[in-house]
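Report on the following structure.
Note that the chains are named A, B, C and D in the order they appear, and that numbering of residues resets to 1 at the start of each chain.
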Amino acid sequence: MITLGHYLVVSGMLFSLGLAGVIARRNIIIVYMCLEMMLSAANLALVGFSRFHLVNGLPDYTAQSLVFFTITVAAAEVAVGLAIIVALFRSKQSVDVESVTKLQG
Amino acid sequence: MSVFTIEAGLALLGLALLLLEALKPEISRRTLGLTAIAGTTLALVLFIFAPHDSASQPAFIQPWHQLDSLAIFYKGFALVITILVLWLTLECAPYLTRFTVDGKLAEMFSLPLIVCAGMMWMASARDLVTVFVALELVTVSFYVLVAFARKSAFSLEAGVKYLILGALSTGVLVYGIAWIYGATGTMSFDGIAKALANPATSKTTALFGAAVLLCGLGFKVAAAPFHMWVPDVYQGAPTPVTAFLSVGSKAAGFVVLTRALDAFLVEGSIIGSEIQALLLVVGSLTALLGSLPAMFQTSVKRLLAYSSISHAGYLLLALACRESARFDLSSGGIVAFYLATYLPMTVLGFLGLGLMRANGLGEDIKDFTGLAKRNPLLALLMTLSFASLAGLPLTAGFLGKLFVFLGLADHGYWGALSCAVIAAAAGFYYYFKTILAMYTTEGTDVPALTFSVPAKAVAGALALAILILGVYPKPLQSVLTGKSQAHKVDSK
Amino acid sequence: MLTSIILLLPFFSALLILLGHRQLKGAAVLISVGSSIISFIACLVLLAAADDKDNTKLLLPFLDIGDFHANIDVLIDKQSRGMMFIVSFIGLLVHIFSLGYMKDDDARPRFFGSLSLFMFSMTGIVLAGNLIMMFIFWELVGLSSYLLIGHWYQKASAAEACKKAFLTNRIGDFGFMIGILLLFGLNKGDVSFDNLRDAFVQGGPLFDAQKSNPGIITAAALCIFMGAVGKSAQFPLHVWLPDAMEGPTPVSALIHAATMVAAGVYMLVRVSFLIEASPLAAEIIAGIGCFTAVLAALMATQQNDIKRVLAYSTLSQLGYMVMAVGAVAMHVQHGHELHGPNPGHPAMFHLYTHAFFKALLFLGSGAIIYACHHEQDIWKMGGLRKHMPVTFWTFLIGTLALMGLPWITSGFWSKEGILGAAYDSGCSILFHAGTLTAVLTSFYMMRLVIVAFFGKPRTESAHHASEVPLIMLLPLVLLAVFSIFSAWDGFATPLQALKPAHEPPHTTVLFASIAAFLIGTGGAIYLYRGKDKDPVSIKLFANKFYFDEIYAVIVRICQDRLAWIVTALERVLVDGLVARLPTAIVARLGAATRMLQGGHLQGYTFLLGGGVIAVIYLVVFVLPRLGH
Amino acid sequence: MSVLEIIIALPLLAALAIWLGAPARAASLGATSINLILVLYTAVQYWGKTGLAFTYSRPILENPSLSFAVGADGISIILALLTTLVMLAAIWQIHDRPAIFYVSSLLIGGGALGAFLTTDIFFIYAFHELALIPTFLMIALHGRAEPAYRKAVAWKATIYLGVGSLVLLAGLVWLVLEFSGGSKLTFDLEALRSQAKLNPLPDSKQAQIFFVLLLGFGSLVSLFPFHSWAAPAYATAPTPVAMLHSGVLKKFGLYGLIRIALPLLPHGVHVEWVQNALLLMLLGNILVMGLVTIHAKRLDDTLANSSVMHMGYIFLGIAAGTDIALKGAVILMFAHGISIALLFGLLGRMRNQLGTLEYNKLGGLANHAPAFTVLFAFGTFASIGLPGLTNFAGEVLIFLGNFTEFKAGGLTHLQWTVILALWGVVMSAVYMLRAYRSIFHGSPATGLFMIDPALSQRVPFIMLAATLLVTGCCPWLLLNLMKSAL
């Protein structure tokens, strides 16, 4: 039987992997993908919580409505984000995180 | 006309301007800018005269949208800062356009309107869904704004950093929301408060959720250790955007934080004391981590960024002081008060920077050398702004600090108070360093600086606001107290 | 009214002259002399009204807080009336003498202004009705003394001397103030002389204190005495007085011989009830006085500067008076009473006679110095007897009075009174030392007269010396008259000189004083007659027992070394710990926190992620355990 | 509307007017002279009265209750008199200087007036801080030393004053919180005072708060060991700033202790550990700084350090806490302000004309500048504590005030301290007379020439010297303004 715990463990693993990726990877595109993975982890947790939170015997769908918002927002973020990353590539011919270290101190 | 209609109208105006610029590229930036300013000003006027009770809102929106005193205050706040930013953009346009791809500024005038609408929604949010959506509306728009001067390597770098770190914080925020929902079974602040006051709720789950959620929000308000993006992004972004970020975005973050904490720290909350302790720790750390590195900065813009971190620390400490029954301002009220005083001094500071930039000067402290000789008025106004940021009495900045100190002392948080005092002391150093540069006259034979009449007028008005708030804060307080009682979450 | 005139006239005169002397020019002198004449007349009137009862009255308000009063109030009694006469009379004569002596000095108005200031301050001391008022004027005479010693401030020696005088007196005043504070505390905030005296009778607060803790009364008495040690130049604070001779000679006569230096004695007699209450204090006072008397007399025997001889003689005589104060107190402690209803005090009486003849001697030496074109070395004089007959005879009278020519001169009577008191005190050392001093006094004074006036002129300037003008002679003659007759009842009684009631002197005392006179005089004549240079040379005496050198070392250690060390510690330790260290720590922290801001995106994401984990750890695992 | 509001506003308005282009000298001299007259008028009005007078209050915040409340009693009037006198002198002696000299003098003085004449802790504190930036800028930009050195000095002073005032703020906040009743916070001094009478705090708590206030106020007054900013700052500051800061502004901390800390925490200073700490610190001021002053080799160092040292005596009066001692402390504040301003004013002139202040290069100035010498002598002897000049009255009252409670059994710590402090009087005579001797006595040093100031330039100094003389001979003039017991 799959319990809420299973959902949460998977979601937590996803989240951790995403975070680790964000920290460890140098390619900004991949970093960005890891970020999307973290959002998915959150979505999974939301869905899980929602499924196991029964109101009148039915799952509570408010949380699931947030999932839709998250997906939409993520799409918007990707749109803007990729544009910026492209601009970065154009100006530096690189999408390495180490190409943006001018601002410091 | 209901407040919600005004907000929606503002967003629509933003979209319209965006389309207009795309469809009719020949339209001048001045027209665009003035239209945006006029639109926002109209919104402000309408907002002032609109009915300020929730009942006047359209019925469908009421479950997600509330209109208490805090919301009204922050909406007004958002409108004012948007107007100022739009105007500042217009003032800085000549040099900004040098860094944009097509020499145009269209989005710089339309996006702020959308940001403003987002901030206004955020102020009214009753549940986490609304918060999330409004917050992302603001954040995503800011990604564009920060990176807007794409030809400038700094702006682009700032954009990338903001993008990655902002998206990371979004992920953390949503994850936190998920867990809070898991612990309490609801998304609305009222429901969360009710659930947390119920001992049956799982404490560990709630703590976990609240911690992650606060980390996400902490990023938005630049709380340590989530503040690293601030100096880089503030320094890299175009000056008007920096002003917008440091005042508008931060205020929006704090209104959400206030809402969330009202729920988390509700009377009888199972996680209340832990969250409060967390706030004290984070607040103290933020004040210190903002102030200490600031002492070594040579760029005024970056210095102001650190200063804004430090101020965020004070605000967090104010939030930690719940239930200060002895004075009329609740902690949310103190935060609002602080932000209201923070607005004119910060905007004035960035305004000065922008004006100097427009005159072809840099943003380093050494560029300020001899300002008193080159333009005594600007030097005086900037002095006032920095004095207020440093928290010298008889300026607005002092009162905010005083309230924070009062709150901390009232609760006996002596450790946090000491940190705040140390941070303020370090503040004397870096603000005075800049002031000293302005009045130093050695080896400056540079010509006088001149500014437009509206620039003078706006700067003068901001300076006057600093002074008036500093010595006559009564009207502001009555705005906040009259209604801040109402926003308290009814936990019974 | 009368006392107001006496006190305030010189004050306004001084104020006017000192602040406006360049506008007033010659008029300054007139104002000053005029005010001293009026003061003198007023003092005579005061004496004439002698049958008025003794009283204390408020003259001017000064400090007034609730029950506490420290005002300018005037105590008129026999002691103050008599002293007032001395001050105003000698003051007047010195004013007149100075008209001649300072004729060629450009800064004459300033001189007379300071003189008026002195008259004012000294009057204040004499009339003082309480200790605080006395302290006020005590300091003011210090100021006028400073100004007058430093009159020729261009000379480095004068500039140093006036500083030295003021500072040495300050050390004495340090004790004086402590004494006043102790009495103030003990007597519940009242330091008027009347009240203090009353507080010693059965049941008074000081009486109780004496019973419960006699040490504190002794401490108070000794502290008060310290003031007198400074002002009256007693050992160990005697070093300033000889140096004070850098001032113009009339000043030496008035301030550093006749009046101001005697103020210490005057004050001790004022508080004699206090000294009488403490045996230990009385013994110490008598001992110090006695020691000073002998020490200074020994120094005087080897001095060559005419004014310095007189200065050491003054020291010695002051020591005499102080010894008398102690001796009388010891006498009283043994259960004796002074004779008579308003008993005279031997110290006051010697003060009275000494004032005249010592002023005479100083003015005489002033006349000599004037005549010899500011030559002060007695070995460079000689034979002045013929050139300056009037000066010589008056000087001789003064000398004889100081030596105590039996029965004729005033000095004999007062000195005998002191020796009598020493004899009665029950401490034979005092008497023997007093007699020895008398021997030495006769010796060095006769030496001075012989060397300066007899023999042949030894230098040009002595050869060309001629008698001084009449205006300078007049004071000499008047003082000579007083030097002889002042001890006689006909003078002493109306002048309220506090002459001790006459009782047949002990034969021992009588013989001792006559013998002292004869031995001293004889020795000097034997040694010095016809000599051109000093046949005796005792380095120790000539160099004043090396006190100046020893003090110089002490001062150097305190002022330079100690100050240097303390300054260094203050800079390094205090500033370091309070200012530099915290600043350095904050700066280090700032630099360290700045390292976090490395500009690398990965660093930021790492910190952000780490922050999230840290916050979760803190909130979920740490804080709940801490009891939050 | 109260006359005090005019007094506070005039200098600030004058500063604004100058900034807007009004002639600097005329405007500032005019404002200050009018102020002096107004203050004298209030003094005459207040003569012989007790309690607060000329009160007026304008609320600016409900709760916490803040109001712009003015009011004056004897202490305030005496200090206001001090301020206006020193301001007038400081401004008058400015010569050929840019307008910022006038503006900063007006701001520093106006701030001091505000602090002395308001009765709301918020404004008392706030007005004091008004001087922070002008002082900082004047020392850093117009100080008399190498730019690097004077900037360092300015920084040190500013950081000290800034941190000190933050500590002070913390203490005041604590005070307000402890005394305000359950429901309402108030910063009004009178309200707090009546509250303190009704519900006094336990002694241990009073001691803690008092100590924090002592540290805060103390570092503004250069209480040892928080003093090291003061001497270099005064030695370096331009003349008007040195006059105003050492003469007037420094008295603020003492005023605060007497006005705020002592009435609200009457037992605080008498709790043993606080008292012992205070006594040790003030002995540091008197003895350590006395020796440091003796070590000084230049006139500016001597004066600057001596002004630190003399604060010890005023603290001694505060430590005693008796009526007599406190009145003595107020008189000494007045006296020290006038005398040090006089000395710094004259020093400024010397520095301008001679270019050096080192003792071994000076000498014999009395020969050419007799009037200057007389004026300097007034300052010298006043700071030595010569009777007839005001300082003496203050010092003697402080000493006496420590002995009003006397046990024949022995001396208390306080009284032993007085005795040690008396030794400081000797030390101050040592360094002041040495200074006087090396500058004015002796034959004129070669290459140095100085003439008396013209009569119009003498006026400010004559005014200060005359004040010293008049109030020194008649200290009851000041005491009559302080009829009510402290």
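Keep in mind that, in the parts below, a residue touches a chain if its C-beta (ideal position, glycine included) is under 8 Å from a C-beta of that chain, and two chains touch if they have at least 3 such contacts.
Predicted model, so just to flag it, every value in this text is computed and none were measured.
Computed from the mean C-alpha positions, the centre of chain A lies at a distance of 64 Å from the centre of chain D. Distance between chain centres (mean CA atoms), chain B to chain D: 42 Å.
For the pair chain B and chain C, the distance between C-alpha centroids works out to 76 Å. Distance between chain centres (mean CA atoms), chain C to chain D: 35 Å.
Across the assembly, chain B contributes residues 160-161, 164, 168, 172, 231-232, 293, 296 that each touch 2 or more other chains. Annotation for chain A: residues 19, 22, 31, 97, 100-105 touch two or more other chains.
Residues of chain C in contact with at least two other chains: 594, 597, 599, 601, 605, 609, 612. Taken pairwise by the contact criterion, the protein chains fit none of the simple patterns, being neither a path, a ring, a star nor fully connected.
All chain pairs that touch, listed by label, are A-B, A-C, B-C, B-D, C-D. By the touch criterion stated above, chain A contacts chain C in their complex at residues 19, 22-24, 26, 31, 97-98, 100-105. Contact residues on chain C toward chain D in their complex (touch as defined above): 18-19, 22, 61-66, 68, 70, 132, 135-137, 139-140, 143, 150, 153-154, 156, 158-160, 163, 166-167, 170-171, 173-174, 177-178, 181-182, 184-186, 189, 208-209, 212-213, 216, 559-560, 562-564, 566-567, 570-571, 574-575, 577-579, 583. Those residues of chain B lying in contact with chain D across their complex are 325-328, 376, 380, 383, 387, 392-394, 398, 402-403, 405-406, 409-410, 417, 421, 424-425, 428-429, 432, 435-436, 439-442, 471-474, 477-478, 481.
By the touch rule above, chain C contacts chain A in their complex via residues 594, 597-602, 605-606, 609, 612.
Note for the complex: chain B touches chain C at residues 160-161, 164-165, 168-169, 172, 203-204, 207-208, 210-212, 214-215, 218-219, 224-226, 228-229, 231-232, 273-278, 281-282, 288-289, 292-296, 422, 426.
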